[in-house]
């Protein structure tokens, strides 16, 4: 059974993420109010298969057009309010990703994009990958998807900016309610495979 | 240049109204997998088929429970789990609006209880899996006598069954097949 | 070729045996070279050759018989025959079209093999990767640097060896900064070039370029790729079963994932000689063309962006959205189709899906042709793209690049037509090869434009004439240690996959060579002689699989100083073409 | 009034109000060109007031700069805005006479533009990021190409009218007949071309290209400094266009300080600005950029036309 919760326990398989200053949450809420109608996004590619980059690109094209919400993709972390991390952090890309994090002015919102960004996706336990953005930087919003559709990207930005509230909630199923029903009970026996 | 302005002019603005109007997605779009806990037998087929380890099953003998977990963060929305599930318990919905602010919301859990062996009282199979097998046997027309004997046999764990077969020779069930083949 | 050698080979009785003449030729010219010959399918043969005669055999097959080196890779077969092995796969495109794989056994103690790079330069990257991954030292390989593994990887750990490490082990990083040394082949090596420029904080750098320039013209270029190396080949051997690897190969590259998935499935299907139902083959062909559609539209849009024509870029992406909708309609997802299983496809095209699909194809064709006229009528487009980044025929012949890059230089290389019979349903689909002669950026863009129209026809034909029948066959069993080649024509060129089935319901070895992997080495020669202002345009015309190669370091050989210039700056410089960034 | 003695209080008030109004309208102008670009891309695009929101947000953001950025790096945003305000005060936009002639006749305006460019480039180099260095070198070379044309065109007009005071020139061209029509028309065309480049519009887009192009020296700025620089650039576009309108299309201006005349003049001015920005937007979005070697070929003939205008002036046509 593949039920191993944490894969390899030894410390050397983990990286230690950047630690947040204490009052940063208060600063972030203040920031959110300011950038509600004009958010500058900077894309940090930590070694994904670049399907996520193309979908972010597609989100800015005429059909989905993020600029109508004031969301603009800028070309330097200096101007950025939101850092958009894609890709499961590969070893070679860890140093540049941390440099980008320090270059952006505080307070900043960090969004982790795509299955690789959220939790390492299909490469989560590989030798050359640290697996997920939250291994190196504190993340505020997760946008799952492989790759997330441009509509999901826009929804993610809306949740990040606090325009929409998130729909997905963690769920605890109660399976003991009743027995599992058999399927196709009314089919006569001999033709049922 | 004027040809461009003409093309641009008669295409007008093509932007969708998405956040303000629901987004129309093709009907078999692969969105978030949804578990129907009643149907689920905790058999673990989906966890074996998942390429990204997003579905995880953990059996805990001491507590006699088996915990199923779906991590929407790691899920790659490929739909393999839906294909291999014997009772169609897990299905992919069309839900793509999955952005969350705290990571715990990306995880779903379900706890199933294990059935104890009638002889050695140690849990050896998921309760619902056992019941489902017995229902299938009953539904597939096994006569009542044989069914009760089958039930007794199925409710003992494999270790006890091996012990039983070794000890009382008259109850060895394989004789039945030999008779029929003549 | 007189065929006097007797037919005692133990391989399965093959009907056609296409490519038998190559094997006989090798026997004839190099009598004792071949140790073993094994046929995987009727046009794929693997000959195990003695190490000593490897170079001559390869030279004869490559240059004299019109072969093209597609991929070179290693395999740790100590558990099978006590040796390592290095394979060189040749796609023979002379008068007989077939695949010949030359295999050499490498002794497990000496761990050295003869490098063929001096005679066939195309093998340079393959052999560097074998050294990284298996620790086998290629004797005679000029380049000593690490190719694939990151700088902070310990020196003696070679991941792909069976006994090296568990696929989840992550060694502690050895260095915090990048330590890759760049070499300047043409400039005078006397002056040591030190990167002076401050490290600009552009973060996403899937590729790092270093242009050696003399004033405005590029003397030489070197680049460091593989920042996105994740180690997929180790994953395919350890955690994943056959069907899961089909999902993994969908995520090799974000733009041409499905071609990799089809390539991989073909390898297992060829190895176990599974006959995939014809309907599944046609579905795969249609989806391969849908992927080519959106990838070419992406590249044409990017080319108009590099030329500075942003309205064209946005308009092409507007049309591209329609193709993504088509993909979502047919497969349920915009990008990662995930349709492939071993033995066929797992989702069928229903009637109304096909009707809607054909309507969409017609709409895309009309809009696309309209936009192409607009693009070609835009002022100074031609002056920006004609005559730059020319790939000469000789360099093309040496480095065997693939895809629109080589078709724009006049070579007729397209797997769909050359090896069309044994690739999905391309044999029975109206398609013909697009190629142009002068090999510059303009002709590459035009080849892609024509191929988009070609793909539209194929999709419409495929959706119209979808043959009846099953879409998946499971009536075959997995035999261990069978291996074969799988090949598809990705938008950027020919993807070659090779895999060997293992004995525990898992793969023993899976090797995937994406198209761009073969195109990168030629970039150095395309950049030479052009101005740095054209560099992003040329790099863009190569249509690199990594979304953006992000940093360029300008090294002025005369003043012995260099400056690291972020790619975006070079991109802007090439777009508005003013004052080159050499103010060192 | 003769240009030398100090203008009366009401004129100074008008000048200051005029300059501040221009500063306030600058984001509207850049927002409008962004909307045109969006419409050309056939997408919905941001609202016209988007630049206001951007600048408001940036003003409140933390201003991070490279560790070794010098004093000039911090001073430049202020220099940019102040120089443009000075020109703005002197321009006879709504009145026939230049409201504050001391701060800007033709020669000082050209030099104020030159100071703007010089400090903008210097800031790029001073922030010693390679990125901004390229933007600065680009800005300076553009200056070398464009400034001679601009100076020549404006000097020709000044010679035709006989004075370098903006107010008199626009008054003369508006009222009495054009006794040298050909020269003025040629100078007008050349000045329009030069100011189009000065506005930093495609296809001659230069360092302060706005969307995802690298924004040259602006790369290293962030937070409030970035807001000031964006304001400065927007203000420069507005001021440059009004410089052209004041000289070459001077009709419809108020002759006295009465409220009614001022209001009508302002409306006419806004209509003129709308038309000019619309045309600039259309041109900008339907051209690919000109190649570096071609840049000389396209800008140099404009210089020859300017010389031609000078010759026509001498011949008296």
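Should a chain be cited, it is by its letter among A, B, C and D, assigned in written order, with residues numbered from 1 in that chain.
Following the convention adopted for this analysis, contacts are C-beta pairs under 8 Å (C-beta built on N, C-alpha and C of every residue); 3 or more make two chains touch, one makes a residue touch a chain.
No experiment lies behind these values; they were computed from the predicted model shown.
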Any chain that touches subunit C and subunit B: A, D
A-B or A-D - the one linked by more C-beta pairs in contact: A-B
Gap in Å, rounded to a whole number, between the CA centres of subunit D and subunit A: 43
Subunit A-subunit B separation of Cα centroids, rounded to whole Å: 26
Approximate Å spacing (C-alpha centroids) for the pair subunit B, subunit D: 68
Euclidean distance of C-alpha centroids - subunit A vs subunit C, Å: 29
Sites on subunit A at which at least two other chains make contact: 61-65, 68, 75-76, 103, 121-122, 125, 146, 149
Shared interface positions of subunit D, touching two or more other chains: 40-45, 131, 211-214, 286-287
Subunit B residues counted as touching two or more neighbouring chains: 1, 4, 8, 11, 13-15, 25, 50-51, 53, 76-78
Graph class of chain-chain contacts, one of line, ring, star, complete, other: complete
Subunit D contact footprint on subunit A (complex, rising order): 34-35, 37-38, 61-63, 65, 67-68, 70, 72-76, 78-79, 81, 103-107
Complex contacts: residues of subunit B adjacent to subunit D: 1, 4-5, 8, 11-15
Subunit C partner contacts - residues on subunit A that touch it in the complex: 7-8, 12-13, 43-55, 57-58, 61-64, 75-77, 87-88, 90-97, 99-100, 102-103, 121-123, 125-130, 146-147, 149
Subunit D - residues contacting subunit A, complex: 34, 38, 41-46, 50, 53-54, 56-57, 60-64, 131, 211-215, 219-223, 226
Residues of subunit C that touch subunit B when the two form their complex: 239-240, 243-244, 247-248, 250-251, 311-312, 315, 318, 325, 328-329, 332-333, 336, 338, 346-347, 370-371, 373-374, 377-379
